[in-house]
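Labels run A, B and C following the written order; every chain starts at residue 1.
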């Protein structure tokens, strides 16, 4: 455990070095947030029919999406791991007395945490200071806020487990591009990045609720915005935990099988 | 042909300390230190010379090469090469030089060498005839005719380096800068590369400026050495001079039948001693070698004896030590 | 120009060696933007219009911007990924050669997989034109061409500015995405749906408005007077490249004095 912790720490520190990058990132995300908000505002203005999510709730979701981007986008990838797998340097990693799944997991989660932690606050602060309806407000009650934090953390755990599957699939395809492509496409669409989940047509929404992706971003953010009630949130936490168990099992199993193949092939 | 005077250049680098607190601190308020990469360099180089430009890591070698090849503008000082100031008239100046960086490639990684050569022909606007002639010469002296159709990624390090050097000479440069050309090469390739540099220098009168950590390169090639440390020139002279200046030190190794005698001769330092073997360093300005041997033979029952000059590596190391760099 | 084609030839040759990767990248380039359009389509199932523009009008805007962006990314990729050149020292090599730095940077990279993005944009273009009742004339066709060309040059200019940033900082580069990716995302809707500040910024600073809005008014017959001026606005957008080149040259000068 200590080994994973110190790896985690090193990665976190490493991420903290990039000050300008963090500021630039925050600025970029802020801009994107604004563009999205204006687009949705223009859409909402075109009709007086009530929508499954109010414009202000949606704006809150959009700000949270931009703030915590590093927690749930799948296109954020670790080229080192991909290189290890495709170029066969994996042998070095295997020489270490550690569990490779946990080792990579620690590395990846630290990367996302350091990126996310550095970036979320500037965006959130600015979003709080904006005038209504563009601003971000605190959740209606403390319970929603606590539920938001819990679901966000569980969501990050799910997301890194999904990204582990992506890396493991490279063992089988030996082509980083393909795996990355499929995973990030699915991730983006099914987590509500292209079109917010509540605004999706019914059939699509059903599919999205079956898949794990929305539980990383859509769920916590809508809890915060008040679009998902506390009761539904509690049920969702159980679903999140179930997904964590499922994804961990598949990941560890897949990794074990992949490594066995490598050893048989002689590296 | 090359006149460098008073060249200086400094850089600013961010300071980083270990630990989470200082990481956050430098995140909020980064600190910088200034490093004087080179400090008031002055030297002249004549056509046809091969200069060994040496010094420990971080001494300012690359900075000098970068300035002389027009990539970097110095803070102070002058540099006239072939009548140009390198950083002022880049496009016209660089037609006259070739540069090889030992750790970087200028060839396209995924396509055959010849494609890169053809591209260079157009970049440098090399006339067809001159290109053909140069190519013939390079191919035969570097022995790369079989390599031209191979993608660079499939070449060995030594083969790649030969092709790199070839690429730098296609346009008939008058000056060739070589930055660690033999780094990582096997013995055979090293010799081939050295041989080639010598040939090109002799036949085409190409002036060569060579940085290296390999003293054999220096011994085989350089007619003159410029030693630099902490941004300053410490020594500028030919190899023989360097060797003589420090050759007052000789090493005597003797084998003897068992003895526990302790030696105490002025001007003689003990390097190592075992039951049957002794290594001594002798300062010939204090005691003559013959006298020393005489004294030794009285103390020990000598079985074998050899006298060596110190190898050039050691001279350099002791030079570094002497100047504390 | 001859050298440029030489570069092109060498890099095509290189690309051909990695067929699987190339195909996958191209497929990705097709679908990644395409799901954005699917998102737009789905939104229109719920909402009748966006800022008064119909689905097909938005589709036309989307298509033009994506065609321009894909072409500029294909040929201007050398500037887009320029920071790696600085890191690996390739730029030193460029300085050692007796040719213009801009030409050489263009030659360092081509991203042919952008054909995927181009293809999806063309499909959307056909879809839009099929459903829009435009009374096509030669003038309108030429205007459409101008829009695309102007878009290509503006995006290349943005890439150049981003590349120039790399001379100072490799870390802060992400901010240029505001103008390249952000500009693209923004400009896939007509400019009028945004607030005044954005509208002004993307008309007078980074003139994407001369690609996706002003000439569009002419093509869609939304203006009656001064048609000629609306038609020619894309040409004004092209002027954007001039300050970009100046900034680039300034960056090269800075690099030569710090060598960072």
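The definition used in the following text is that a contact is a pair of C-beta atoms (placed from the backbone, for glycine too) under 8 Å apart; a residue touches a chain by one contact, two chains touch by 3 or more.
Given the structure is predicted, the values throughout are model-derived calculations rather than measurements.
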Which two chains have the most C-beta pairs in contact? A-C
Taking each chain's centre as the mean of its C-alpha atoms, which one lies nearest the mean of all protein C-alpha atoms here? C
Report the inter-chain centroid distance for chain A and chain B in whole angstrom, where each centroid is the mean of the CA atoms. 51
Rounded to a whole Å, what is the gap between the Cα centroids of chain B and chain C? 47
Round to the nearest whole Å and give the separation of the Cα centres of chain A and chain C. 28
Going by the touch rule set out above, which residues of chain A reach two or more other chains? 19
Chain B residues counted as touching two or more neighbouring chains: none
So which stretches of chain C touch two or more other chains? none
For the complex, give me every residue of chain C touching chain A. 20-21, 24-25, 27-28, 31-32, 35-36, 38-39, 42-43, 45-52, 169, 171-175, 177-178, 182, 185-186, 189, 193-195, 198
Would you mind writing out the residues of chain B in touch with chain C in their complex? 11, 63, 66, 69-73, 87, 90-92, 94-95, 97, 99, 101, 104, 106, 108-111, 115-116, 118-119, 122-125, 151
In their shared complex, chain B is touched by residues of chain C numbered 2-3, 6-7, 10, 13-14, 17, 88-90, 92-93, 95-100, 104, 256-260
Okay, in this complex, where on chain A does chain C touch? 18-21, 23-25, 27-28, 31-32, 34-35, 38-39, 42-47, 51, 175, 177-178, 181, 184-185, 188-189, 194-195, 199-201, 204
